[in-house]
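Please find one structure pasted underneath; my questions will follow.
Note that the chains are named A, B, C and D in the order they appear, and that numbering of residues resets to 1 at the start of each chain.
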Amino acid sequence: MSAPLPWTSEEMMTVAASRHLWNGAVCFVGIGLPSAAANLARLTHAPNTVLIYESGTIGTKPEVLPLSIGDGELADTATVVVPLPEIFTYWLQGGRIDVGFLGAAQVDRFGNLNSTVIGPYDQPRTRLPGAGGAPEIATHAKQTFVVLKQSARSFVPQLDFRSSGGFFEGNGSRARSGSPGRGPQVVITDLGVMKPQAGTEELELVARYEHTSVEGAVAATGWPLQVAERVEVLPAPSPGELEVLRALHARTREAHSRPVLLPF
Amino acid sequence: MSTPILSLREAIATHVADGQTLALEGFTHLIPFAAGHELIRQGRKDLHLIRMTPDLVYDQLIGAGCASALTFSWGGNPGVGSLHRLRDAVENHWPRPLRLTEHSHAAMAAAYVAGASNLPFGMLKGYLGTDLPAHNPGIRSITCPYTGEVIATVPALRPDVTILHAQRADRQGNVHIRGIVGAMKEAGMAATKLIVTVEEIVDDLEAPMNTLVLPHWIVSAVACVPGGAYPSYAQGYYARDNAFYQAWDDIARDREGFTAWIDRHVRGTGDHAGFLRSIRSVEV
Amino acid sequence: MSTPILSLREAIATHVADGQTLALEGFTHLIPFAAGHELIRQGRKDLHLIRMTPDLVYDQLIGAGCASALTFSWGGNPGVGSLHRLRDAVENHWPRPLRLTEHSHAAMAAAYVAGASNLPFGMLKGYLGTDLPAHNPGIRSITCPYTGEVIATVPALRPDVTILHAQRADRQGNVHIRGIVGAMKEAGMAATKLIVTVEEIVDDLEAPMNTLVLPHWIVSAVACVPGGAYPSYAQGYYARDNAFYQAWDDIARDREGFTAWIDRHVRGTGDHAGFLRSIRSVEV
Amino acid sequence: MSAPLPWTSEEMMTVAASRHLWNGAVCFVGIGLPSAAANLARLTHAPNTVLIYESGTIGTKPEVLPLSIGDGELADTATVVVPLPEIFTYWLQGGRIDVGFLGAAQVDRFGNLNSTVIGPYDQPRTRLPGAGGAPEIATHAKQTFVVLKQSARSFVPQLDFRSSGGFFEGNGSRARSGSPGRGPQVVITDLGVMKPQAGTEELELVARYEHTSVEGAVAATGWPLQVAERVEVLPAPSPGELEVLRALHARTREAHSRPVLLPF
């Protein structure tokens, strides 16, 4: 083993995800890693990124990461707070979202996602929270970014349940379904980055980190993972990225542990 | 000519019966926890619960045996993980089986909008390429009479009773809601009866023009319950107790611990003020 | 990263072409008269005009020969009577024929909502027992997949350009609208391009939470045009000039009087400030 | 001829219409006579009447009558101002309206209304403003009140165009159409008051004023008007009603003639 890395693999994954957001992108953000990555982008290279949370907060600029999708911080710092039904009609279905940022429990080779059940639906081994906003984010965002940790348990040959569509069965089946968005253009994990191959639309490993390997990514995938001819090695988190991300997490921890005082 | 202002106990006793369909809405914000606890205290059962995000409030109602069905779209503890009581009901039918009607957020929102609009169904470009329609026979489709496009439909949600928590009501029963409003208005207007708990009752709402006000004549009862959204939050009054949401993961993990908590803090207290005192005594 | 702030002349020249479908919305309140006049000055033609209530602004555009089609739901001078130029176009095809697509308000609203929602059609329990469907082939129906009920449909409205007038924008181009908002937001979000004229541009919108703000990135251009809604009104800035609406009945009654008025006050002025000076000179 | 009346026939009609509104009624108000009648009711016997105008103003209490359906006075005095689409979905179609108050250019024996064209639709002799909110008000309000001046030109055997439905062809045809509301329960004119007969649903003269006659109402109707066995004689406007109505109109005239000052 080499010396311990000066960053965690979760930090690397968050930084790698954040780099995909461009300045001015209108981004529909899920809670957790997507939220951390999107806010890191906003606080570094993409200050004019517009963040939308499904709770109805548009153009929000939280100082600390929300624990829930509807923390008061999101409303306080938003350009506007709209009713939730409107978020899904005028904004998402209306085609106003550039990037949908999704997580999941399982992904398959075509970027389809499961966040519903492990095991049969009616007799699940594990009942997961469910689809939430994801099915229509996956349909309507002009593209989606998927972020999750990579393992043979999460990268599976066959989803137990398809909660939201990626490229369906590949080979153009998504486009033929009438889904307006272009689907998952990138899947970012703690081991590397995958993108859909032209034509088949099967995920292909296109990048790894300095501390990860192609073999590691292949081994952590439940199907024979396609590997690009040239696998890019992504730069480590810069000191600036790490500083901003850690400060964000520190502010968040501090805020979330602050006792709540009821005014009576 | 004005809405009755009742105690929460009276409001629930008067308006909520066993076996009804019941929506407690509020998207993370303004979740009507006090009303949920009062339903447990009054021992309501066989409720068909409706809520986009069941959250802790329905984990509690389900674990306490009040529910036989759940219509929902995301059933986790936000930012923390599982709702253990919901999982136990689904995975092991404890304390009783729970019939699930599962949607996406967009579809639940469309179903509430349809209910509020007195339309029999809502439509959305949704569910494309997902397994949800295979497990929810309520998800169907129509064909656009102009383009031939096939569009997903969901039946309207029309709860017997919707319960909301809001910041303020005036003495007539007009209600002002501020902050993240979720599908509160739609759930409220889709229901036959609407109960609203509020942080305070004021002489003048002072609601800025174009904000969310529910006029008194669509509200069946108002109850003044300070802290009624705790451990959720009320914008401008108190913050979300994220630490409590994290602590709930342990409290609800096993049946005994959960039941002891409910017995002590909910069934063992007379009202929400008692609940808050009881919770504080643990924290100190 | 921010919306271009243009002169109204530039905004119209850049974004509005002959033959387009064009919605100027604002329900009695915030009617974008300055933009309508600029369309006349620039001699736009063959426009398909869309507006729930054509009002004086479309009477002027129609009489000035800018329009070949009109989609609408109520075409009078509110509280006064007829729109004489609209009537002359329909009854006598002057100055050119005007193809009508006629709806009810509820249906127009549903069509805008559908457009904003990227749905191909809107639905309503509407048009029951009326002759409108016989004269508007766009009015069709679908059958509810749950109840079998037949429900009226209207095709979505998707204007090429929507023009709105609002009270304020900030320097980034975020727009705040206050007061009666009509279907302004829906018409704006249904359109490919959205131009907004405003009373003033400010450093900070100071919009209360939950009010109507259009974020800058859905706005194609902002133009600062004080008085841009006159003789309609801008809540908090100036009142509706009801006397002008009453006077319009005479101005527009015959072709010559109307044309002289347009030539003098609209075509004969360089911009909206000039129009307002010109109108004031008559009143004094 | 007798001495001139101490009130105008328009005042009598407005007062008669206002008396039909009960305290607490939720009333969807059209501009003109309906608006005057509804506000008169609110300022006299029905102070808790809830007035809704289609512009989105709910619970409005105008000091002066609006000239348009969307005057600023309506917003300034409303409990809440909502978007116009919401008025027609959640409030009207949602079944929240007790009374829809409508006017029209023509009415037929079944209370169907025309406000669209005189003459053929495609080559009209007179193009009227059109239907506006009326078709769905007529469908969804629990009942409607119709107010218009009575003459052979306005009370016609056959509408030139049916803009909104009353009892359709009578004899239950409205109910069979699925219209949720109970239709026009009263038609108030300058000559008297008509209500639908049970069964046929044809309008029947049930009341006249002190200064009008059954014969006058029959003569001003373009079809053989049904007359009730007992025609009530409605009391004249009370001094209180007249005072409030005239003060309302005086305030309105004063306000509408006030010059508008542009702030620049």
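By our rule, contacts are C-beta pairs under 8 Å (C-beta built on N, C-alpha and C of every residue); 3 or more make two chains touch, one makes a residue touch a chain.
Predicted, not measured: the structure shown is a model, and the values here were computed from it.
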At minimum, the number of touching-chain hops separating chain B from chain C is 1
With respect to inter-chain C-beta contacts, which pair, A-C or A-B, contains the greater number?
A-B
Report the inter-chain centroid distance for chain A and chain D in whole angstrom, where each centroid is the mean of the CA atoms.
57
Suppose each chain is reduced to the average of its Cα coordinates; what separation in Å results between chain A and chain C?
41
Find the geometric centre of each of chain C and chain D from their Cα atoms only, then give the gap between the two centres in Å, rounded to an integer.
28
Could you list the positions in chain A whose residues touch two or more of the other chains?
75, 81, 89, 93, 140, 180
Which positions in chain B touch two or more other chains at once?
113, 118-119, 125, 149, 179, 181, 185-186, 209-212, 235
What are all the touching pairs of chains?
A-B, A-C, B-C, B-D, C-D
Parts of chain D lying in touch with chain B, wherever the complex brings them together
23-24, 26, 48, 50, 58-59, 75, 79-82, 89-90, 93-96, 140, 180
Quick one: which bits of chain D touch chain C in the complex? Just the residue numbers, please.
31-32, 54-57, 66-72, 74-76, 81, 83-85, 88-89, 92-93, 112, 116, 121-136, 138-140, 161-166, 168, 174, 177-180, 255-264
Can you list the residues on chain C that touch chain B in the complex?
118-121, 123, 125, 140-147, 149, 151, 153, 155, 177-179, 181, 208-212, 235
Given the complex, residues on chain C that touch chain D span 27-29, 52-53, 72-76, 78-80, 82-83, 86-87, 90-91, 102-106, 109-110, 112-113, 124-132, 135, 149-150, 179-183, 185-186, 212, 226-227, 230-231, 233, 235, 237-246, 276, 283
Within their complex, state which residues of chain C touch chain A.
1, 113, 116-119, 174, 185-186, 189, 207, 209-213, 215, 217-218
